[in-house]
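Have a look at the structure below before the remarks.
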Amino acid sequence: MTIASFLTQLLELAIAVALAPLLVGWVNMCRAWLQNKSAPSLLLPYRTIRKLFMKDAVVAQSASPIFRTTPYIVFGAMCCAAAIVPSLATDLPFAQAADAIALVGLFALARVFIALAAMDIGTAFGALGARREMFVGFLAEPALLMVLFTASLISGSTSLPTIVDALAHRELAIYPSLAFAGVAFTMVSLAENARIPIDNPSTHLELTMIHEAMVLEYSARHLALLEWASALKLFNYSCIGLALFFPFGIAAAGDWLALIGAAPALIFKLAIGGVALAFIETLSAKLRIFRAPEFLGTAFLLAVLAMLVNLLLGG
Amino acid sequence: MSAIGPPVGALELVVTIVAAWVALGALGLVRPHSLRFVSRLIFPAGACVALLLTVIAFLSLDAPPQSLVMPLGLPDLPFHVRLDPLSAFFLLLIGAASFGVSLFSAGYFRASEGTPPGLICFQYHVFLAAMASVVVADDAYAFMVAWEAMALASYFLVTTEHRIPEIRRAGFLYLLIAHIGAIAILLCFGVLQAGGDDYTFDTMRNMTLIGAWPTAAYFLALVGFGAKAGLLPLHVWLPEAHPAAPSPVSALMSGVMLKTAIYGLLRVTFDLMHVQLWWWGVVALALGVVTALFGVIYAAVQTDMKRLLAYSSVENIGIIVAGFGLTILFRAYGKNLLAAITLTAVLYHALNHAFFKTLLFLVTGSVLHATKERSLGKLGGLIHRMPWVAWLALVGTLAIAGLPPLNGFVSEWLLLQAFLFTPSLPQSFVNMLVPLAAAGVVLAVALAAYVMVKFYGVVFLGRPREAHLAYAHDAGRFERFGLVWLAAGCIALGILPVNVIQAIDPVNAMLLHSSAISAGGGNWLLLAPINADRSSYSPLIVLVVIIATVVLTMRIVHRFYHGRIRTAPPWDCGFPLQTPRMQDSAEGFGQPIRQVFEPFFRIERHLPTSFDAAPRYFVRIGDPFWSWIFLPIAHAAEFAARIVGLIQQGRISVYLTYSFFTLLALLFFVR
Amino acid sequence: MIEVVLILTLPLVGAAVLALIGERDYAPEVNVAASLCTFVAAAALTARVISSGPMLVLDRLFFVDPFNVFLVALTAFVGFTTSLFSRPYMRIERAHGRLSTGRLRLYHSMYQLFNFTMLLALLTNNMGILWVALEGATLATVLLVSLYRTPASLEAAWKYFILCGVGIAQALFGTILLYFAAEKVLGAGGGALLWTELNSVKGDLEPTVLSLAFVFLLVGYGTKVGLVPLHNWLPDAHAEGPTPVSAVLSGLLLNVALYAVVRCKVLVEASAQTSFAKELMMGFGLLSVVVAAFLLSRQKDIKRLFAYSSIEHMGIITFAFGMGGPVANFAGMLHMTVHSLTKSAIFFAVGHATQKAGTQLIDGIRGLITLSPMIGWALALGALAILGMPPFGVFASEFLILTTAIRDQPWATPFLLIALGIAFAAVFSKVQPMVFGETNAQRLPERTALIPVFVHLGLVLMLGLWIPPYLAEWYRQAARLIG
Amino acid sequence: MAGVPLYAQFINLLAAILLLLAFAMLAQRRVLTLIDLFAAQGLALAISTGVVAYGTSQPHLYFSTVLTFALKVILLPWILHRLIRRLDVRWEFEGLINIPTTMLIGIVLVVFSFNLALPISQLASTVTRSTLGIAMASVMLSFLMMITRRKAIPQVIGFLAMENGLFFAATSATYGMPMVVELGIALDVLVGMLILGVFFFQIREQFDSLDLRHLEKLKEPDQ
C-alpha cells in the first residue's frame, strides 16, 4: 500500500473519531426542533465527554478487570470499524485486513464485551441490559450481514471498498434488491444504535432501557469512552448506509481532487441522514421489548428477501 | 513443514503410538486403586504420547499416502492401516486436543465412588487409541472394530459414576444409538464393497456403484455417522451423555469423538465414492442448518452448564455438516475450487471446535471440582476466586462465539465466503435455496454469541450466588497446563489462518483434486481465498490495530487526564437490600429466547401464585424429538413384543399345533 | 481312528464310572477328568485331520471332515470347561440344599452321556445313527432339565420331551424318505444312509422325494435347533434346568442339531436344482431372529433372556447357511463357534450371579460389579460380546453376514437391522442394572469358578481380532464342503 | 390288484388295518382300550414286517419283526398297563376338540398325505409303494391325536403310535432300514418309554394328577 493511501486511511479514521459526537449532537438537535423543544448545543456531546474525562472514576467493589478494560476494547473495536467503512475514499489499506463480515464481527465483539461488563457487577440491571442487548443483537447481526451480502452479491466481493467502487463508479444501474436491503438496514441500524422504536437513549426507565442499563455502573472516563464509542457506532452505521445506498461522491483510489470534494459530500449526506433519523425517532413510538423480535425479524426477512430478489432478477 | 518432510515410517510410528496408549492404559490396571500412580505417571506419559502424535501427524500432512497391513484381523482381511492427508489431519486434531485433555486429567481425576482410577485410566487410553485407529483404518472391518471400541470405551467412561440412575440411563441411550448407527455404517460398507473380493477401502475405491446403490450408501453413511455426530434427529443421546461423563471425557467426546463422525462422512463421500449427486448436498445442507439452529436455541435455555455446552456441540456439528453439504453441492457441479474452499472451512471449523469446546468442557470440570455445582443458577463471580480458569475460559468463550480475531471467526468467515459463491451454480433452485441456508447459519452463529455470553457471564461474572462459592479454589498445575495449551491453540488458529490453511490444503488436493490456496491472491499475512480484492481477512492486523488503539487510548487518557479510581458498592437504585440472588438466573437470561421460540419447546413450567405457601418457580424444557420420534418407536416395539408374546402361551397342545401346521404348510409349499 | 474310538468311549466310560461312584464327593473331579481326556482326544483328532485330510473309519461308519471336526473340538472343549464350571456350581447348589447327592450322581453320569451322544451325532457317517444320537441327546437332557424336580422343571422337561420327541419323529420320517430315495441309486442295505455315499451321488437322487424329505428333516431337527415357531421348548428348558446344562444346551446341542440340518441341506440342494432349501432356511432364520428379538424385550428371568438370545443367534446362523456361498458359510461356522463360546461363558457368569442374588429374576439381581467385580465384568462383557460388539468375535461373523446379506439378499437387511437393534436395546437395558448400581448380592460358600468364563471370553476376543491361520483354513475347507 | 404278488396285497391289507386302527385310536376315549388298540397296531406292524421279510427274503427283517413284536405288542403295552394300575388313572378323558370334528380333520389329513405321497410312490421300486402314503397318514393322525389329548398318557400313546407309523414306513415302504439304525431306534423308543414312566410318577407326586392343564404355567408373562 502506498503512503498516500495510508494517509487517506488515517485521515478518514481521524475524521470519523472527530465527527462522531457531532453527528449525535446534530441528531439530538434536529429531534428537539421537530418536537418543538429548544435545542441543546450542537457541541454538547463533546462537552459531556470532556466533563466525564475530568471526573474521578468510581468502580463497584465486585468489578473484575473485564469491567475496566471493556470501554477501551469497545472504543478500539469501533475505531477499527470506522477504519474499514469507506466514508471519504475507497482505497483503505486496512479494509484489506477486514471485510464486511469482519466488520459485523467487530460490532459483535464490542457487543459481547459490553454485555459481559454489564453482567460483571452482578446487579439486576446490568444483567437485564446485557440480556436485552444480546437479544436485540442476535437478530440484528444476521440482518445486517444479509444486507451486506446482498450488496456483495451485486458487486461480487465482500470487501467494502470494492462494493462501494462497484456501486458508485460503475454506470448507473437500478438494483431492486437494494430497496429491500435499504429498508432492512434502516431498521437494523435503529435497533443497533439503541434508538426508538427499540430503545430510547434519553431515558433511564428500568422497564424499557437496554443500552443505558448496561452502562449504568460506568462513570467518568469509562463512561466517556463508551459514549464516544456509541457515537462512533452511529457514525459507522450511517457511513455504511450512505456507502451502500448513496455511494456518490466517495473518492476512488488515488483521486485527490475527488477526496477534496468527498468531505463536504459526506458531511452533507450525514446531515440529511441525521434529520431522517430524527424524523423516524419522532414519528415512531417505543416498542415493548417483546415486540422487538417482530421488528427485527421483519428486518431479517426483508434482508433475506433482498438476497433472493437479487438472485431472481440477477441483481 | 514440507521442508522437513514426513518422518520415515510415520505410519509405523502412529501404530506404535496407538499401541503405546493401550499399553499405558493396561499399566493403569496394575494398580487400579492407586490414584497417585495413575495421575502423576500415566496421564502425563499419555499426554507426551499425544504430543508426539500431533507432531507426526503435522509432519505427514502433505506426505504421500503410506499404508501397512497388520498381522491381525480376519483371515482374508487383515487390518489395513493407511496414513493419507485426511487421516493425518484428523490425527493432528486428536493428538492436539487429547494432549491438553490428558494433561488436565492428570490433575483432575479423584478417587471416585464408581470406577476405580486405574480402570478409568485404562478406558480413557483405550478410547484415545480407538479414535486414532478409526482415522487410520483402511478396511471396513478394522474401521468397524475401532469405531465400536471407541463407543464401548466411551460408554464405560460415561458410566463412571454408575450408581446414579440417570447416568446409567444416559449411558444406555448413548450405547444404543451408537450401536444402531454402527449397524448402518456396516451396511453402508456392505453396499460400497459391491461384491468385490474383500473389504479394504482400496477395493471400494475401485468399485463403481450403479443405480440406486450410491444413494443407498450415502444415506446409510449419513444415518450412521449422523448418529455419532449428533445430527438431528439422532442427537438425543448427546445432551444426556456428555453431562453424565467426567469432564475430561465429555471434552474428548464432544471435542474429538464427534469429529471422527465427520471424518467418516468425508471418507465415504469423497474418497470411497466417485459420484456425488447435487441433492445429497441439499439434504446435508438442510439437515445441518436445522441441526445448528435447534442446537443453539436449546443451548440458550439450558440451566446445566454441561448440557448447555453439549447442545452447543450439536450446533457446531450442524454448521460443519452444512458446510459438508455445500461441499457436495459444489463438487457435484464440478466447481472444485469452491468445493475446496468449503471443505477447508469444514475442516477448519472441526479443528477449532476441537480446541474451544474441549477447553470449555475442561473449564466446567474445574468449576465442578471447585464448587461441586453444575447448575448455572448456583454459580457466579468465579472470576475472583479462580482467575486462571476464568481468563482461559474467556478465550474459549470469545472463540466459540465466533468473534474476531479468534479462531471461531475464521472458519465461519470462510464458510460464509463459500456461501457467497453459490450464484455461480447452474441450478436456479439451489441458488434460491442456499441463501436461506446462509441466513440460517448466520442466525445460529449470532445466537451462539448470546449463549456464550450467558454461559460466561453467569458462571464467572457477577457476584457468587451461593455462599460456599467463596471457598472455590483455582485449578491445579496440571489442569492449568492443559487449559493454557488449548487456549493458546484457539489464539494461534485464530491469528495464523493462512498457515493453517496451507497445512490443510493437501486434504483438498487428495479429496477434490483441487487446492483452496492455489488461486488465492493472499500472502502470509493476508487470507484471500479467491483474490485479495474479492475478499480478504487478516486477523493479525486486526488484532494489532485493536491492541494499538486500546493502548493508545489508555495512554492518551491517562496522559491528558488522570488515572484516579475509587471503589464503591454498586448502585442500588434506591433499593437498599441487594442480594446476589437478585442477579439474572440462567433461566432469566434464556427467557427471551424461550419466549420467541416458544412453539419449538416442550416446556413444563410451574409459576408460583400469590397464594402459594411455599412459592417456587420451576421450568423444564424437554426435547420434542422424544415425543415425535423415539417414544412412538418404543411404543410400537412394545406393542409388537406383546403381540409376539402371545405365541408363547404355555399349552403344549398349542405348541404341537404350531409344529403341525408348520409341517403341513411346508409340505404344501414343496409340492 | 484310535482318537475317534477314544472320543466316543471315554464319555461312555465316564458315565458308567460316575454312575457307580456318584455319592463320593470327588465325583466332580472325575467328571472333569473324563471331559478333559475327551477334549485331549478331540484335539489329537483335529490335529490329525488337519494334517492328513478327511478320513473314514470303522468301515465307513464314522466320518471326519473339517466341517464336523471343528464342531467335535468345540463340543469337547466347551464340555470340558463346563465341567470345570459345574464343579463349584453344583457344590454350591448342594450346599444350598437344592440337590441331593443322588441327584448329583444322575447329573454327572447324564452329563457324560449327553456329551457322548453329541459327539456320536457329530462323528457318525450314517444319517440313521445321527438321528438316533440326537434322540439320545434329548433323552439324556430331559433328565438333566428335570433335575430339580420342581413343578416348573418338570413342566419344562415334559414340554421338552414331547416337542422334541415329536419333532425328532418327523426327522426320522425324513430320514426314511432319504433312504427311500437313496436305495434306488445305491441299492438297499447299509450303504444307502452313509452321508459320504449320499454325497457322492447327491446329483442323481430323486428331487421330489428329497425335497419332501428335507421338509420333514428341517421341521424335525429344526425343532431342536429352536427355529421359530418350533422353538417353544427352548426357553423353558434353559430356564428350569441347572445352569451348566443350560450352558451346554445352547452352547452345543443347538449347534449339533443345526449341523444335522446343514448336512441334509447339502444333499437336497444338489439334487433338487431349485433354491427352495436356501429359501426355507433363510426364511426360518429371519423369522427366528425377528421373533426372538421382540420376545427378548419381555423377559423377566435372566436365563430365559439368554435362551431367547440363543434362538436369535441360531436364526442368524441358519440365515447365513441359507444364503450359502463361501463367505456366508464361513461366517456361519465362525458364528457357531463364537456363539457357543460366548453363550456358555454368559451362562457361567449368570449361574454364579443367580447364586449370589438368590434369584433368577432380573429385577432381583443388582449391582454385581460392586460386590464381585469379576462376575459383574464377565456378565457385562459377555452380554456386549453376544450383542455383537467389537472387538469380540461375534461381531466378526455378524459383520461378514450382514455385509454379504445387503448385497445378496437386500430385502432381508431391514429385518436384521431392526431385530439387532431391538435385541440390543432389550438385552442391554436388562443387563446394565444387573451389573451396575447398588448391589443386593451376598457372598457364596464356595469359591466361584470364573476361569472358564474368562478363557471363553478371551478366545472370543481373540477370534474377533485374529483368527489363527490353520483355523481359518479349516473353516474355508468346511465352507467349501457345504457349498 | 392284478400282477401284484400275494404278499404285497396282504401288506396293503395290513396297511389298511393300520390306518383303521389309527382312526380308532383317534376316536377312542377310554385309556385302557387305547392301550389295547395301540398293542393291536403294533401287532399289525409286526406281521407286516414279517411278511415283507418273507416276501423279499431279507433275513434281517425277521429280526426286526421279533423286535417290534416284543417291544410294541408286549413290553410297551405291559408297561403302560402297569402304569395305569400303579397310578390308578382309569378315567375317561375328554379331547380338546370333539370326536366328529377330529375325525373330519383326520380324513382331510389322510387325503392330503395320500396325494402328497402319490408322486413319490409312482417312482418307488418296491411293489408295496402305496403303503408310504398310508404310513404318512398314520403319522399325521397320531400327531393330531397328540394335539387333541389333554392327559399325559394318551399323549404318550399318540407319540408311540407315531413311532409305529414311522416303523411301518421304514419296513414296508423301504424294506427296512439298516439293522444298526433299527436297533438304535428301538433302543431310543424303549429308553424314552422308561423315562416317561419315571416322569409320570414325578408329575403325579407334584400335581397328583396327570392332567396337562397343570403343565401350562411356563409362559410369556403378559404384563
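Residue numbering begins at 1 within each chain, and the chains themselves are lettered A, B, C and D in the order written.
The rule is simple: a residue touches a chain if its C-beta (ideal position, glycine included) is under 8 Å from a C-beta of that chain, and two chains touch if they have at least 3 such contacts.
As the structure is a prediction and not an experimental result, all values here were calculated from the model.
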{"item": "Maximum centroid distance from subunit C, chain identifier (CA atoms)", "value": "A"}
{"item": "Which of B-D and C-D has more C-beta contact pairs", "value": "C-D"}
{"item": "Chain centre separation in whole Å, for subunit D relative to subunit C (CA means)", "value": "31"}
{"item": "Subunit B and subunit D: spacing of chain centres that average the CA atoms, whole Å", "value": "70"}
{"item": "Geometric centre distance via CA averages, subunit C-subunit A, whole Å", "value": "78"}
{"item": "Approximate Å spacing (C-alpha centroids) for the pair subunit A, subunit B", "value": "35"}
{"item": "Subunit C, residues touching no fewer than two other chains", "value": "158-159, 162, 166, 212, 235, 295, 298"}
{"item": "Numbers and ranges of subunit A residues touching at least 2 other chains", "value": "none"}
{"item": "Of all residues in subunit B, the ones touching two or more other chains", "value": "642, 645, 647-648, 652, 656, 663, 667"}
{"item": "Pairwise chain contacts, counting only pairs that touch as defined", "value": "A-B, B-C, B-D, C-D"}
{"item": "Touch list for subunit C against partner subunit D, complex", "value": "126, 128-129, 131-132, 135-136, 139, 142-143, 146, 149, 151-152, 154-159, 161-162, 165-166, 169, 172-173, 175-177, 179-180, 183-184, 188-190, 192-193, 206, 208-209, 212, 235-236, 239-240, 295, 298, 300"}
{"item": "Contact set on subunit C toward subunit B in their complex", "value": "158-159, 162-163, 166-167, 170, 211-212, 214-216, 218-219, 223, 228-230, 232-233, 235, 276, 280, 291, 294-295, 297-298, 367, 369, 384, 387, 389-391, 395-396, 399-400, 402-407, 413, 417, 420-422, 424-425, 428-429, 432-433, 436-438, 464-467, 469, 472-473, 475-476"}
{"item": "Subunit C-facing residues of subunit B, complex", "value": "71-76, 140-141, 144-145, 147-149, 152, 159, 162-163, 165, 168, 171-172, 175-176, 179-180, 183-184, 186-187, 189-191, 193-195, 199, 637-638, 640-642, 644-645, 647-648, 652, 655-656, 658-659, 662-663, 666-667, 669-670"}
{"item": "List of subunit B residues in touch with subunit A within their complex", "value": "380-381, 383-384, 390, 394, 398, 401-404, 409, 413, 416-417, 420, 423, 428, 431-432, 435-436, 438-439, 442-443, 445-447, 449-450, 452-454, 456-458, 461-463, 526, 532-538, 541-542, 545-547, 549-550, 553-554, 557, 560-562, 564-573, 578, 580, 582-584, 588-589, 591-593, 595-596"}
{"item": "Complex contact set, residues of subunit D against subunit C", "value": "58, 116, 119-120, 123-125, 132, 136, 139, 143, 146, 152, 155, 159, 162-163, 166, 169-170, 173-175, 177-181, 184-185, 187-188, 191-192, 195-196, 199, 202-203, 206-207, 214-218, 220-221, 223"}
